[in-house]
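Sending over a structure as structure tokens; questions will come in a sec.
To keep things simple, chains are lettered A, B, C and D as they appear, and every chain counts its residues starting from 1.
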Amino acid sequence: MNKLTRDQMAERVARDIPEGSYVNLGIGLPTKVANYLPKEREIFLHSENGLLGMGEAPEPGEEDPELINAGKEPVTLLEGGSFFHHGDSFAMMRGGHLDICVLGAFQVSATGDLANWHTGAPGAIPAVGGAMDLAVGAKQVFVMMDLLTKTGESKLVDACSYPLTGVGCVDRIYTDVAVIDVTPDGLVVRELVEGNSFDELQRIVPVPLKLAPLAAAA
Amino acid sequence: MIDKTVSSLEEAVAGIFDGATVMIGGFGTAGQPAELIDALIAQGARDLTIVNNNAGNGEIGLAALLKARRVKKIICSFPRQADSQVFDALYRAGEIELELVPQGNLAARIQAAGAGLGAIFTPTGYGTLLAEGKETREIDGKHYVLEYPIKADFALIKALKGDRWGNLVYRKAARNFGPIMATAADVTIAQVSEIVPLGDLDPEVIVTPGIFVQRVVAIGNAVAQAA
Amino acid sequence: MNKLTRDQMAERVARDIPEGSYVNLGIGLPTKVANYLPKEREIFLHSENGLLGMGEAPEPGEEDPELINAGKEPVTLLEGGSFFHHGDSFAMMRGGHLDICVLGAFQVSATGDLANWHTGAPGAIPAVGGAMDLAVGAKQVFVMMDLLTKTGESKLVDACSYPLTGVGCVDRIYTDVAVIDVTPDGLVVRELVEGNSFDELQRIVPVPLKLAPLAAAA
Amino acid sequence: MIDKTVSSLEEAVAGIFDGATVMIGGFGTAGQPAELIDALIAQGARDLTIVNNNAGNGEIGLAALLKARRVKKIICSFPRQADSQVFDALYRAGEIELELVPQGNLAARIQAAGAGLGAIFTPTGYGTLLAEGKETREIDGKHYVLEYPIKADFALIKALKGDRWGNLVYRKAARNFGPIMATAADVTIAQVSEIVPLGDLDPEVIVTPGIFVQRVVAIGNAVAQAA
């Protein structure tokens, strides 16, 4: 199957973020989405460590160790941005004030369960951060992941084998081969990367899929 | 470009529907968004549930809304005051419903709604009339009452300055319920003395970040001459 | 019995408030205590509508309708004072951060139950404000009241007949005739107004009292 | 006259006892009170329970405290990081206890302690490992987990400026856990870049009112050159 690069995936997600949205981009791959948000669209980036209106990375030499994002990378603050404490920051997340969060995932189930914080492997040191708060709190939870693991298994599964981050919380999954919605009627393929067929996709995903492209997907 | 400022009070209160729950900021008249309330009276929505610390003072603002018979129920902590005659008369006539909530539980329940909590165990009111029929629990030797969030469809609040992203700063004790009500309503409407250009408000001193505010309307700086 | 005036009562309470205390003075009689706090003692007055470091009443003509206390009277703010919202203000109260609150009362029971918000009379419109939060939250709850009602009944009772504000919350009662502590061993008279006798006091209070003056009461 | 400022870091951390629960501000190293932690290491208290978002970075600050074997247990949301080698080694050796708490529950439980709530129903973590064995409840069709307050004996936090009453303002994203931890500890100890005269901090912009702070120590403005 044809596969998007990680940058192409980020660009694809960015297209679906409307102007005026309050958005939290998770650590790792989702952070890349920021690079593709059109400059002319005002979008409010939230970082759980107490920033709203996060801007781009600073120029080299301009980094401030007290102005970082949730991934602990240096960032900037836009005009109109604000600082607040962790209580207020997580009230924004848990209280349903974020329109969209974009998270990476180990697995997503057919009913939208998300596993993205812990492999459950013996000896692994777990770390959860704000992932569980984002999963339950944002109005829309977008997942961004390769469809297959490095060993070729589908990360879209009937039931997650990894420990859960949230139950039934995922709304949409952006993969490298297709965009898939979690709906009350099951998983619905909204978009296939050019050249990929639905049947091909269904063959590698062990969960029944439906095909229902969105008219205005782009 | 995102611009949450609206140019008229009429536009600010558009869409407030009959039967809506509306939080109104203020502690007595300090911080009461009088101009928004007048606009709401003119707008005509009725059967409202109002959340406020008080139940109106004199004949203006919230008292005028009550007097116009637009309020079905009021959730507040301190209705009876020297100048609460409008509420008193409606209440005695059985024409308004009252849910009396201790002031701290009112604040905590509004905060719980804003923060997405399902319920809280609060010590306030335990063993009193205001906890009758409510679930209680002893935790670490202390008694608590289970209280649920208070959410609203709209919040009308008053701030000192706002910008087009909805960031707000307040003035003195007029801050009171504004910042927490802003978090607990689907649509928060702020009247401000002044709309300032984006970037004028120091990110360190913004009290209400714009994420909690949907509309901002300037009403001139009549009340903020000292600011 | 000899009785203190209301101002003398306020002065008496003020004497027991140590420097550095965080104090909330309830609406009505307790507000008078502020007038007797020695100027050289730094005491932090809290007002539930979002002030810490409340100062005296402003000069006539200097009143600011947005700088008021919980009784909705104009006040000032001292240098070093701060403003905050109602959530933070009641966290201070409920979270045990106030050292002392002083409240008026209709009745106090032998076990420290407080009734001060509602007469329970038919037709009365109740209003509770922040009284219940102060009653459960302050480290020490001082009550300030005349011992007798206008019709001569003791306000110190075996069990409150008025609706409660808080259960077992009162620590000390400053009356016009004596200062009485609520202790695990019952009500203990700490101080009698000059010229009053313990027996005299016990005759009018329908609850057993003990006498145990504090060495350092003044 | 009340003066909460102390003149040395040694004085600032005096009295922290063996077995104490100590909250430490910071998100990674931003807002981490490194000088206070060094003073705590020198002070010698052991068997500590530490509450922090992370479990130390590199070999300094919190990591150094861990390395000095002073910590019995850590309550945090995100221990494992690229540079959390000190914690990792202790954890793998079974020499430190870990209570892993989702970051928002960590914040909310600290806030609950500061605000005197007995417990809260939070949606975060429902249906996950981190809610195993915990009471749950469905409220209005949504699932919640009952979580209890996290209190501390001491909180060590970092702010930008403070005054002798303990009022604090912070700097940028170094604010993070400082203001909420200050509310949840019996003794809150703040290191600041600068102690300013009383009245210098605008009452509208004070983030932590002095009621929540017991000691303030100046450590010079090495970290705040941009302020």
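The criterion applied here is as follows: a residue touches a chain if its C-beta (ideal position, glycine included) is under 8 Å from a C-beta of that chain, and two chains touch if they have at least 3 such contacts.
Every value quoted in this text rests on a predicted model; they were computed, and no experiment measured them.
Asker: If you tally the C-beta contacts for A-B and for B-C, which one comes out higher?
Answerer: If we tally the C-beta pairs in contact for A-B and B-C, the bigger total goes to B-C.
Asker: Chain B to chain D: how many Å between their CA centres?
Answerer: Chain centroid spacing, chain B to chain D, equals 32 Å.
Asker: Using the average of all C-alpha atoms in each chain as its centre, how far is it in Å between chain C and chain D?
Answerer: 34
Asker: Centroid of chain B to centroid of chain C, CA atoms only: how many Å?
Answerer: For chain B versus chain C, the centre distance works out to 29 Å.
Asker: Among the residues of chain B, which ones contact at least 2 other chains?
Answerer: In chain B, the residues touching two or more other chains are 108, 111, 115-117, 122-123, 170-172, 203-204.
Asker: For chain A, which residues are shared contacts with two or more other chains?
Answerer: 77, 83-84, 87, 90, 93-94, 136-137
Asker: Quick one: which chain pairs are touching?
Answerer: According to the stated criterion, the contacting chain pairs are A-B, A-D, B-C, B-D, C-D.
Asker: Which part of chain B faces chain A closely enough to touch in the complex?
Answerer: So the residues of chain B touching chain A come out as 1-2, 111, 113-117, 163-165, 167, 183, 198-199, 201, 203-204, 206, 209-212.
Asker: Inside the complex, what are the residues of chain C that reach chain D?
Answerer: Touch list, chain C to chain D: 19-20, 22, 42, 44, 46, 52-53, 77, 79-84, 87-88, 90-98, 136-137.
Asker: Please name which positions on chain A make contact with chain D in the complex.
Answerer: Going through chain A, the ones touching chain D are 47-51, 64-68, 72, 77, 83-87, 89-90, 93-94, 113, 118, 123, 125-133, 136-137, 163-167.
Asker: Across the complex, what residues on chain D touch chain B?
Answerer: 108, 112, 115-123, 137, 139-140, 142, 144, 148, 169-172, 202-205
Asker: Which chain B residues qualify as touching chain C in the complex?
Answerer: 27-31, 53, 77-81, 84, 87-88, 91-92, 100-108, 110-111, 122-130, 143, 170-180, 207, 223, 226
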